[in-house]
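Two complexes follow with chain A in common, the first pairing it with chain B and the second with chain C.
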Partner chain A sequence: MKNYFKKVKYYIHIYRMILIQDLKTKMSFRADFLISSFSGIMLNAASFISIWIMFQNFSSIMNWNYYEMLFLYGFSLLALTPQLVFFDNSWVLCDKVFKGDFITYCFRPINIFFYYTFEKININAIGQFFIGVTLITYSWIKLGLDVNTIIVFKLIISLLTASLFMIAIVIFISSMSFWIINAKGLMDFFSKFKDYTRYPFTIFNNFFKFVFSFIIPIGFVAYYPSLFFIHTEELSWISFFGVFYGIILLYFSYKVWVKGALQYSGTGS
Partner chain B sequence: MDKTIEINNLSKEYKVLNRKEGFKGAILNLFSKDYKYIKAINNVSMEIFSGEILGILGRNGAGKSTLIKMMTGVLKPSAGALSINGNTPFKNRKQHALNIGIVFGQRSQLWWSLPCIESFKIIKEIYSINDDVYEENMNFFNELIPLNELMNKPVRLMSLGQRVLCDILASFLHNPKIVFLDEPTIGLDIDVKDKIHKLILSLNSKKKTTVILTTHDMGDVDAICKRIVIIDNGEKIYDDKIYKLKKYFGPNKTLLAHINSNKIRDDSVVITNIKKLIDKHIQLIDYLSVECNNRWIKIVVDENQISVLKVLNLIQKEFDIDKIEIKEISTESVIKKIYEGKCL
Partner chain C sequence: MIIKTGAVMIKAGIMQSFAYRASGFLLMLLNNLLYLALIYFLWKGIFNSNNIELLNGMTFNQTLLYLGLAVALQPIVETYVIWQMSADILTGQISLHIVKPISYQTYLFFLMIGENLITTLVVFLPTFVIVYFLTNSFVVLSYNILLFVISILISIIINYLVGFIVGTFCLYVQSPAGLDNMRMIVVFLLSGAIIPIAFFPELLRSVVMLLPFQAIYNAPLQFLLSSGINLNEIIHTFANQLFWVIILYGLSKIIWSISIKKITVNGG
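Showing the complex of A and B:
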């Protein structure tokens, strides 16, 4: 047990160190930093406007009104943030594996997954966090929901567990780089599904509902956990299941990733 | 001397999918069981002693990197036994990594956009290096090469030579028992190669570190190794003192010099001129072969008779030379002679 704590302390220490260095370099490319933060915000503004326009014409979508949609949107932004910020290096894994650069991560006396994944932090994506908080607060007030410690605690827990799904999906898909050459295409394909996380699942037919719940489990990113707070009449066992399912999926993807990394043999040059 | 690495009948096969082209092919590849096997290391045995600098020489694709990757615990051998200080590297990669240092010439392990010193500090934490040890090593490194200008430079702005020097220093930072250097001199100029040779020699003699170096350049092993192992097509074809090998070649070196003048059009005129020059001054024409191609002069010199530099001095008086290169005997010719049975 004591050893275990020592190990955790060691990893936190290393992470902090690498993080600070990474932030320092990011700051030294200030223009770069500002432009990419700005473009992130504009991207979100664009999708926000599309929701707004939609509700100029319809008063509700499958019984979800404007503020409920905003809540869902805000929830999804928040739940996707940890993946974007802390697991950004996953997106370039396929390149590094393909070109053979990944081998340099295998020489250190340290967990390869940790060493690779947390080498970079995508601090620009933190803008999305603030947009998410604003949207949730705004819709929360407009919907007249309760505010008390228990419900805030519930919100935080459900956000945290919801954030595990995108992390798990990205880790799993990126780990395919260790077996197939065109994992990049696969990554691009799956990142498109992100957009579906901000719709109420009642718009999907049974087939897609099933797919988005269990095969590509993006339903757990925003829709299912949101039901704890709004549209509670749609709440079912699935939302409760999601709390555990995220942990299981994350563990499973991590194991697959490590298995791939350990059998990685590099390239001939 | 103590054995530190023991390798017995070690083999490594890569399993490679026979890929099909196109979209349909890509789908088929996912399910295909159509593999071919590439035997990268075939039944190699050897012992490596504590504190020695062993040179592993071989052409491109001979299997050198594969052998190194197995010794570092990154690759699992297909067959045979590999033991380093009594442990099997692959079985406990992390523990093993604490005791070794690794440099792959083409790929830096330093953080690309960080100043070098920051990379060193992160490495210090990753290996849990004591402050005292770190200080002592940095001071020692500073005696070997001036660190001031290097350490504050981001790695991405370094020349290849500077980067490799830093990578080598980084690999010694945690006082490893063994350091693996995979083609550290690849793509470098003569003078940088020379710096790297000196650095490796001083690190090895001060720290008593076992150094295992791979190269396809005879010059590297000639400069720093006493013993060499030659690998070809995954097999060990030579394993002995380097001087024994050199006996068979004589101390020949090849001098390449480029003439910086457009006036000279006829290569054969250059050859006769040089031959005359040498005849007049040293009368050693028997021991030299002289060629000229596109204003590149190539002279093979027997260093027992005369030094390459003297010959260079001589031709510099007659021609305007702008580029020179001095080459050891080529690895290819060594390997060819070994197969012909001339060295054994």
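Showing the complex of A and C:
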């Protein structure tokens, strides 16, 4: 047990060292940092404006009103933030594997997944976190929902479990680059799915509901966990199931990633 | 002369896009189809749950056609010129391009045409056919198809010029991802590719109509939406599109000639 704590402490120390190095690199490209942050804020502003424009024309989508849609959108922004901030390096895994740069990670005396994944941090995505918090708070007040310790605790737990799904998807898809040569197309393909998370899933027919719940589990990013707070009449066992499903998927995709990394033989360059 | 060089450049573009594997095209198509499914269910939900037949003068089929075709058109109209420019600037290749007898802007344009030619065939056509059937063969296939095609050709030029102007800023800041994202957000939102411009509130709509972006997606789509379009509207749309081509072309030339003086090539 004591050994275990020592290991955790060691990894936290390593993480801090890696982070400082990465931030130093980022600071030397200040204009790029500003432009990337600004484009991220613009993207969220545009999505907000499009929801606003839509609701100028009608009052609800499948009985979900404007503020409920904003809640859903804010929830999805927050649940997607951990993946964006801490797992940014996964998006370029296919390039590194393809070009052979990945071999450098194979020689480190620490967990290869840990070192590769947490080598980079995408701090400009933190803007999204604040937009998400603002949207949830705003819609929470407008919807007149209760505020107490239990419900805030519930919100944090459901956000944390919801965030596991996108992380698991990205880890799993990026690990495909160990077997497929052109995994980049696959990554682009799956990166689009985050836009699908911000709609009430009652719009879909049963086939798509099934696909988006169990095969590409994006329903658990915002819709199913939001039902704990709003539209509780749509709440079913699936939302409770999501809490455990995320952990299972994350563990599974981690195992696949490590399996792929261990059989990686480089490009010989 | 220009046609001959153009043909060579287009061929180079086609070759470049072949580097993208067949699986890449398939995923692009699949992506389009999934997005079509999303807008189909979303707008069907909106129309059905609110019990409306007509929203701002548009029926469900018209809305689906408009948004579906905006997606289908993306492989034709979209441009990766910013990435190309950024790569040329970063590697120093640009110093070779600017001394060539063909202007850098023309060179990139033909390259883009070549690249998009393939995606048009393998991504646009299948998506178009599916949109056609999804909207119950709603499109009237008559002379308006011709107007639609001409209008798209102008859209390609407008979108390319917007991309080139934004790409010029890569000479100042190396941030192609940020710049291209910003361009895409502005173009998609203000051209009606996400929500039809007819749905915009009065004030916003009148502002948007004064901007060049509506000439990219909204203008050609209007030709397919209504079968009985009158001569006045046709002239007005084309005049508006050509106006923006001239303005943006002039602007891109000015910005480029000012910026190119600031160029620093690392090693090269």
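Just so it is clear, the second predicted complex is superposed on the first by the 269 of 269 C-alpha atoms of A that agree within 3 Å, B and C clash if a C-alpha of one lies under 4 Å from a C-alpha of the other, contacts with A are read in each partner's own complex, and residues count from 1 in each chain.
In this text, a residue touches a chain if its C-beta (ideal position, glycine included) is under 8 Å from a C-beta of that chain, and two chains touch if they have at least 3 such contacts.
Bear in mind the structure is a predicted one, so any value in this text is a computation, not a measurement.
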Notebook entry, point to check: Should A:Phe204 be classified as contacting the first partner (chain B), the second (chain C), both, or neither?
Noted result: second
Would you check which partner chain A:Ile53 touches, where first means chain B only, second means chain C only, and both and neither mean what they say? second
Per residue count on chain A, the busier partner among chain B and chain C is C
**Report entry** Which superposed partner A:Ser39 touches (first chain B, second chain C, both, neither)
**Finding:** second
*What is the contact status of A:Tyr196 with respect to chain B (first) and chain C (second): first, second, both, or neither?*
second
**Asked** A:Gly144 contacts which: chain B (first), chain C (second), both, neither?
**Response** neither
*asked:* I'd like to know which partner A:Met17 touches here: chain B for first, chain C for second, both or neither.
replied: first
Practice task
Check whether A:Ile103 is in contact with chain B, with chain C, with both or with neither, and answer first, second, both or neither.
Solution key: first
**Report entry** chain B versus chain C as contact partner of A:Asn63, first or second or both or neither
**Finding:** second
On chain A, the footprints of chain B and chain C overlap at residues 182
In their shared complex, chain A is touched by residues of chain C numbered 20-21, 23-24, 27-28, 30-31, 34-35, 37-38, 41-42, 44-46, 49-50, 52, 55-56, 172-175, 177-179, 181-182, 185-186, 188-189, 194-195, 199-201, 204
Per the touch rule, the chain B residues reaching chain A in their complex are 14, 19, 26, 29-30, 61, 65, 69, 72, 74-76, 93-98, 102, 104, 106-109, 111, 113-114, 118, 121-122, 125-128
Chain A contacts chain C in the complex at 29, 31-32, 35-36, 38-40, 42-43, 46, 49-50, 53-54, 56-63, 182, 184-186, 188-189, 192, 196, 199-200, 202-205, 208
Residue set of chain A touching chain B in the complex reads 10, 13-14, 17-18, 21, 25, 100-101, 103-104, 106-111, 119, 180-182, 263, 265-266, 268-269
